[in-house]
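Each of the next two complexes has chain A plus one other chain: chain B in the first, chain C in the second.
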Partner chain A sequence: MARPRRDARRTALEHTRHQVLSHPLARGITPREVQDYLAKVPRRRFPRVAYDERGPLPCIQPRGGVPLFEAQHALTRRLSEAGADFVPLTIDSYTRHNQYDTATQLLRRSEEEGKDYLNGYPLVSHGHELSRELYTGIDKPISLRHGTPDARLLAEVALASGIAEIEGGGICYCLPYSEGFPLDRCLLYWQYVDRICALYSTEDRPIHRESFGPLSATLVPPAIAIAVQIIEALLAAEQGVVSFAVSFGQTGSLIQDVAAARVLKHLTRSYLDEFGFETTRAYLVYHQWMGQFPQQREKAAALIAGSAMISGMVGADKVVVKTVDEALGVPRPEVNAEAVDSVRYMLRIFACAAPVTSPLIDREAALIKSEVRSIIGAIFDLSGDVFWESVYRAFQMGYLDIPFSPHSDNANLLVSMRDANKSIRIVDRGHVPISDADAEQERALLASVGDRNDKTYRQLLGDINMMMV
Partner chain B sequence: MTASKSSLPTESTEATEARRVAIDIGSTVVKVALIDGHDRVLSQMLHGRDFEAGIAKQVESLLAPLTATVDTDDVLVCSSANGGLRVGIVCLSKHFSGATLRNQVLLAGANPTFVHDMDEAAGSLERVDILMVGGGIDCEDAGPLADRLARFDPTRYRYGSLAFAGNRFLAADFVRRFPETIVIDNPLAAALASRNLSVFEAVRRAYLDDLVYKEGVSELRSNLSGGIRPTPEIVSRGFQRALANSSGIDISGACVVLDIGGATTDLHYTVEIVRDESEAKPAAGLSVARYVFVDLGIVASRDSLVLQLRSHARLYEFLRSVLEGDVEDPYRLMREGSYEASPTLLSYGCLFVALDRFAQGRGPGLPAGDLGRIAQIILTGGSSQTLTEAGAARVFDLFRTGDNPSPSILIDRGYQLWIDGITWSGNASP
Partner chain C sequence: MEKVCAGRVVVGVIGDDIHVVGNRIMQLALEESGFQVFNLRTRNRPEHFCQAALEVNADAVFVSSLNGEGEYWCADFRRQFADVGLGGILLYVGGNVVVGKRAMADVVSLFTGYGFDRVYHQQPDIGVAIADLLEDLKRGKAQA
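Let's look at the complex of A and B:
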């Protein structure tokens, strides 16, 4: 039985690190110089500091990344001035797939023609020295948003640029984003990222890691998302990470959102403590609706406002916001700034002093908690020496199964649909080891919907597109 | 019998520390290694094959002085003798069932001779040990597959055994038509990805049967002969062990292993190296894959290797990267076919041609690799032992493009990959 443990920490990283940093685009990064640099950047660049000082409202973080340095610089300033508590740096797709040559070529072309040929900021191509200048005078955390299975070089460049929050993980940046990138290697590569984050951390300036809970953002049952979040928190803690955010995406059901947040917070803390990671602080991040977005700006604005309110009700430490242009493409800076402003307005007007509760929420939370414990318990019980390997095998055996993941290691046997409350229900658990009683309860709750108890293609499509009505 | 290579301490130290004995029976050489409790090599020796005595007697005589200190349960045996099984594959789709069958055959240490789809009218005259027919996922409603199977004609092929590893609902019909068929569980089961190791296990068993039959291994004690595994599978396991960070070999990223031998050069690679646009792909769900260059080797395949080198467009560059001094004469002589290449040059030649073909995906079912993604190259096998890291790096440099950094090169001089594979009890991926 492989349980998370401190001595699973990666040692003798030097050879691999030397190899990663020998890439010409690492431009001579040395850990010592980066360590010194991180000691000099403003303390509020470190998310733990920002979270500790946040007050009663969740921090707000927009999304944003453009290829040219000047444009990214302007976007950063604009978002910061609009009141974003966390400033994003979204990376382009070529960099995400380690195609640095192509990213660099398209960056040059973008510079020459003044037209964007990349859908994000090619951080590795720009390099850490230039990218440090993006954040001169900014005393807020910068969040690296990407989706990269092998993010070792990217994370090195990001940290060298003064970015103290790295989103991602071996599961959440592999299963939803890749069809064939080997999961075992992705888990190992993220061990590297976690480890260097830990190595650069000091007591008052810990590098922060954040997992991506929405996963495929399509009918993912809360129990699956929460199990993945807890696993990634444990994997990071094994490597010495002491500041970590778990997250989940708006489910589409208010009841399920509140219940999921409660269980996610409670179980993450509980498992971290159980395995001796008491010093790892855990935070909760809420993603506004990650599924298909309405094209009409009025409806999009209403959806953003509604989910802003829910983020306050679930007691999130941070909310990652969308824009009214979500369905139309990469948002303009002014639209992004408007979104930050409107979300802040909603949070202030509908501030929630204590998390909402009700018998329905209690019942939902009890069901989710039981399911998560069953899944994680079954993974712990797998034979093996190390925890990450058990996680890898859990996917091969279908213990973890993410609906609509394109990845070849995903079993794709779990089927989920929405019930009358729009809560996501497990129709067929596949090989996911939830108990018979929990599976029966899921089916019973779905059956209460009356004519929605069969699983037809049209119903499924309706559930996926529920915000498009 | 003479030991051609020996290392490490005295007999008495070995005797007290040795926990296991690993034996690799090759076509021309038997390798014996003493291993300590931490899977480290204490010593190893190479013995020429004693064809007069036969494998069984030779292995027994090599083991005799060791049995006092090592339990026979701790004797691990693998073999590459007999060249490995040749398997022909006839499948529904080359991208799904074909790729899955091919990869399991390869990981089991056998050589897929061809992969045909069922409509391949010509068949093949090349004799294979096993003709494996497969396709489809396990489902009852499989009319199109049933129709194509009905048209399948095994007389278009030359084979020793016929095996069916397709949709299990169609197996009975297939056996009715061809009663000698061996039925293997469908490796795809109910999904379009490799979900079990049925073909891998079946080919391994078949390999053992073949070895016992052809090489006289049956005379070995049953607890040894029953556990012999194909050497390529062992190397693959060693590679996977290293990738899982549970070996003395440190893997720093996307990696290829080239096992350069006398008859073949085996390429083991992490699948993220495969180009997105490559037409051939490794089977879904695989983490590592293998390919056998059956025409690259420095002894049995010497002629075909030399032929490929002398007609290669970049021969001059290759020679300049591995030979010292003026290469005009060697170049001319090689083009003319009269150059006597040394074993070392031929080993570099295997590396050069294998990388070139991998980069272009030139070989039946070989995906095209993006060599720029390779962070590390490990060279193992007998023919790699005379190479140098610097020499191998110069050969690799011939394929470097753009800003990609040089991969680190490791020459596995202590056969650590083999030791890691033969002693590993961990889980390898399907």
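Let's look at the complex of A and C:
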């Protein structure tokens, strides 16, 4: 039995850290120099400052990463000028898998041939000295977006580059992104990242961590996503992180979005306080539809606009936006800038000051909350000396089961589908420890759809591709 | 729930492809049609399909490729099965089995040349393949 504890902080990090920083691509990073550098960058680079200064509208963050320095530099400025409140740095997939040599070779080839051979910015290959120049004069937060199970060196280089927001976590960057990366190692590597973020944090310049709630973005029941978010917030807080964002992806149901946001916000705060992490501030991030996007630009634009409105209704601190070219590949900078503009327009004209509620939303929130409490309570009771060990066991036991995760440690027993409101329902809970009463309610709500008179797999495909109609 | 087993099928994604959604749907669809499914999931080599088919005495093997790596990995597929005494097994392939746009007839003849009984390139409904599989099994094993 292991609950989160303040004294679970990782000690004797120096030796491992020395090893990580001995990599030639660390280019002689020293924590002392980085500490001094972070004290000099504009204060608005730190998400907490940006969040505290934001008005009634959520902050807006596009996506974007290209291989060449000059192109990334131009993209950064373009997005910033278009009104992005957070500027993204998306990392290429070789770097995400620690294949720095391949990333460097393909970077050189991209430079020589003027054609992109990488699907993001190879930050480790470019190094921190050059990458600092990406952000000269930028006084807003830079967000590191990747999907890396072992992000130790990447995070060191990012922090040394003046990037104060690191997305990821031991679960959310392992289960949806990897087929075989050992989950226990991933949890420990993310403990390292959380710890160095805490070590670089000061009272008025805290390094910010963000978790990735959409997970596989395919019929993930809100209770599962929320449980994972709370666990990652607790794991980060254990290591001393004081600024953290939980997130979730648009579910496809307005009711479920509003209910999920309410429960996620409330329970994250409540669990952090319960374990003595009152000083850790928690923020809420909403991801626009992460599933398959319509190819037609008009439909994609409609989806983005609708989702922008929902991000305001759920009271998100930040919304991560998609573009009309989502189905077609990596968006061009101008398309990305347009997305920022249209989302801001929607947020302005449909500003939503008071929280939206209805009996349906209340019922949905009560159900999700009860499920999350059951899941997290059961995980606390699993064996382990420290919390992360119980979390690891939760996957072995199938207590946490992420639909459509490619990871070999995922149980794949949970089956979910959409009800008449398009809300995601748990059809078969597998080994996920929600109560019999909640499981029964899930099934009853699904039955409201009536007999769909079709094969289950066809219904599932329809539910997954619901935005493709 | 007890039904007569329609057959034993090994399914999996070939190459370094990690597209798992279709793979999972396929498992559920085949199970729903009464098959016993042995799912190798993602990132498999031809020999993984071979070994699994041998181990579970499979009636059919269904190889998926979403990113087009199939063209590279599936060459010589039938011979590898013949080498372990499974020359007569039913071999199906589906997904986006080649990279880029190619004429359907060319793709089909490429893979039948590799020894596949049926090829479902960019066929969105798994139901078609399942109906064929039931039919093929009724008729007996493929002609090796």
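One rule holds for everything that comes next: the second predicted complex is superposed on the first by the 465 of 469 C-alpha atoms of A that agree within 3 Å, B and C clash if a C-alpha of one lies under 4 Å from a C-alpha of the other, contacts with A are read in each partner's own complex, and residues count from 1 in each chain.
By our rule, contacts are C-beta pairs under 8 Å (C-beta built on N, C-alpha and C of every residue); 3 or more make two chains touch, one makes a residue touch a chain.
As the structure is a computational prediction, the values presented were derived from the model and not from experiment.
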Open item on the list: Under the stated touch criterion, which partner chain does A:L460 make contact with: chain B (first), chain C (second), both, or neither?
Closed with: second
TODO: Based on the superposed arrangement, let me know which partner A:T202 touches: chain B (first), chain C (second), both, or neither?
DONE: neither
TODO: Kindly classify A:G180 by the partners it touches after superposition: chain B alone (first), chain C alone (second), both, or neither?
DONE: both
TODO: Considering only touches as defined above, state whether A:E389 meets chain B (first), chain C (second), both or neither.
DONE: first
TODO: Return first, second, both or neither, reflecting whether A:H15 touches chain B, chain C, both chains, or no partner chain.
DONE: first
Open item on the list: Looking only at chain A, is it chain B or chain C that touches more of its residues?
Closed with: B
Open item on the list: Looking at A:Q35, would you say it contacts chain B, chain C, both, or neither? Reply first, second, both or neither.
Closed with: neither
TODO: Applying the touch criterion given at the start, work out whether A:S408 contacts chain B, chain C, both or neither, answering first, second, both or neither.
DONE: both
Task: chain B and chain C footprints on chain A, overlapping residues - done: 180, 408, 412
TODO: Flag every residue of chain A that touches chain C in the complex, lowest number first.
DONE: 179-180, 216, 218, 403-406, 408, 412, 415, 455-458, 460-461, 464
- [ ] Flag every residue of chain B that touches chain A in the complex, lowest number first.
- [x] 191, 193, 243-246, 250-254, 270-272, 274, 276, 281, 284-288, 372-373, 375-376, 401-406, 408, 426-427, 429-430
TODO: Sort out for me which residues of chain C touch chain A in the complex.
DONE: 18, 20-21, 24-26, 28-29, 32, 41-43, 125-127
Task: chain A residues within the chain B interface of the complex - done: 10, 12, 15-16, 19-20, 22-25, 97-98, 100-101, 104, 149-150, 152, 180-185, 188-189, 384-386, 389, 393, 396, 408-409, 411-413
